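Here's the structure, in structure tokens; my notes come after.
Chains here go by letter, A, B and C, matching the order in which they are written, and residues are numbered from 1 within each.
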Amino acid sequence: MSSEGSMMDNQVVRAFFTYATIVAVKMMLMSPFTTYFRLTRKVFANLEDTKLVSSTHDKKLVGLDPEVERVRRCHLNDLENVVPFVLVGLLYTLTGPELSSALLHFRLFAGSRIFHTIAYVGALPQPCRALSFMLGLVVTFSMAYRVLSTVLLL
Amino acid sequence: MSSEGSMMDNQVVRAFFTYATIVAVKMMLMSPFTTYFRLTRKVFANLEDTKLVSSTHDKKLVGLDPEVERVRRCHLNDLENVVPFVLVGLLYTLTGPELSSALLHFRLFAGSRIFHTIAYVGALPQPCRALSFMLGLVVTFSMAYRVLSTVLLL
Amino acid sequence: MSSEGSMMDNQVVRAFFTYATIVAVKMMLMSPFTTYFRLTRKVFANLEDTKLVSSTHDKKLVGLDPEVERVRRCHLNDLENVVPFVLVGLLYTLTGPELSSALLHFRLFAGSRIFHTIAYVGALPQPCRALSFMLGLVVTFSMAYRVLSTVLLL
């Protein structure tokens, strides 16, 4: 860490940084996406937000909309899965796995979450979403298994 | 970091990796746990999910169930507490604390969260859940205090 | 990492640890803040929690309160933004940015989130909250851009 250069020479570290940033950015894009739906559908969670599309505070614009709630559930599901992936993935990366094995984990996870978002927001028929969700979970559990089997100290 | 071997020789690092992975896995298990409740109680959040237990899209299966919502609140509470623990715990580990002190923090936290889940899902009488929640919070604040008192640079 | 001392000599690392801990603690304080509102307004999410303010289990105390829901939305928004900041910020810190540039990112983010909380809980007129939210998002995206442009390995 005193010589960042040498750390950045590690290809597994670079691959992890790349994919962790990609899924984190994907997750964060759900926020402006929710805002876009709220503004176009004119459905808000707070009274003061109605001022963004109306000249007066309009109580009728505060409520729930099926599309907005769908995007919010998708965002929450990202939080529940992407955040553990990045946390466990960092520990996994530091245990020094093979590059090919690490890339397989990272690519499967990133792919599964991008497909999950498409399946959720687009309301694709099940079990599209269930399978992509499970794939992401299995990848993270596989990394967690490697971490525990490498460093276990209770 | 260029020599993962030497880092994995650090016992505090190994202990942190172990407990961080355990609480992260425990948190992620709430997802299949929620799915199990949804499938057995036949209560879903999305219309397309009803196909998993019904031959047609059945609007009556979309709704809220007290048990499912309880598990989801428990999951969200995990997110709100386990994620800060792992983030602050990583910084804490890197400040080089005593092994005994670090193990005390990690064990108390892991124990408090496992008990918290039992108390929440099992609806144990209060203040069982409140106390286990507060213990986890105090552990994380204690680690945050050590980090700030070691590295403060505003 | 085998020599924590040298790592803690890195000023960018120390600055990141400081600000990451501050925003993580700010986020965690939303939990006791929610509890305070629940206890004073006597509105709970679980039947067993009503015992904390009532001698019997009182179903009328289980429900939703606008103020409590506002604090909870603010907490969830923190989770959605502070957690990616800490994750991406850690990767950003390890790419070895200039101290002045790093401090600018960290200070802007911490300031934007503290102001966001005041704007949300205090229901300040929009676009106060929207702007502070967007500032935090832009800071994290800027760090993500630097990470990707430094380490990209797909």
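Everything that follows uses one rule, which is that contacts are C-beta pairs under 8 Å (C-beta built on N, C-alpha and C of every residue); 3 or more make two chains touch, one makes a residue touch a chain.
Nothing here was measured: the structure is a model prediction, and the numbers come from that model.
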If more than half of the interface residue numbers appear on both sides, call it same; otherwise different. Which is it for chain A and chain B? different
Please state the rotation angle, between 0 and 180 degrees and to the nearest 5, that superposes the Cα atoms of chain B on chain C. 120
Euclidean distance of C-alpha centroids - chain A vs chain B, Å: 17
Find every residue in chain C that makes contact with two or more other chains and list them. 1, 7, 13, 76, 79, 83, 87, 90
Along chain B, where are the residues that touch chain C in the complex? 1, 3, 6-7, 9-10, 13, 70, 73, 76, 79-81, 83-84, 87-88, 90-91, 94-96, 120, 123-127, 129-130, 133, 137, 140-141, 144, 147-148, 150-154
Which residues, counting only chain B, touch chain A once they are in their complex? 1-2, 4-5, 7-8, 11, 13-15, 17-18, 20-22, 24-25, 27-28, 30-32, 35, 45-49, 51-52, 75-76, 79, 83, 86-87, 90
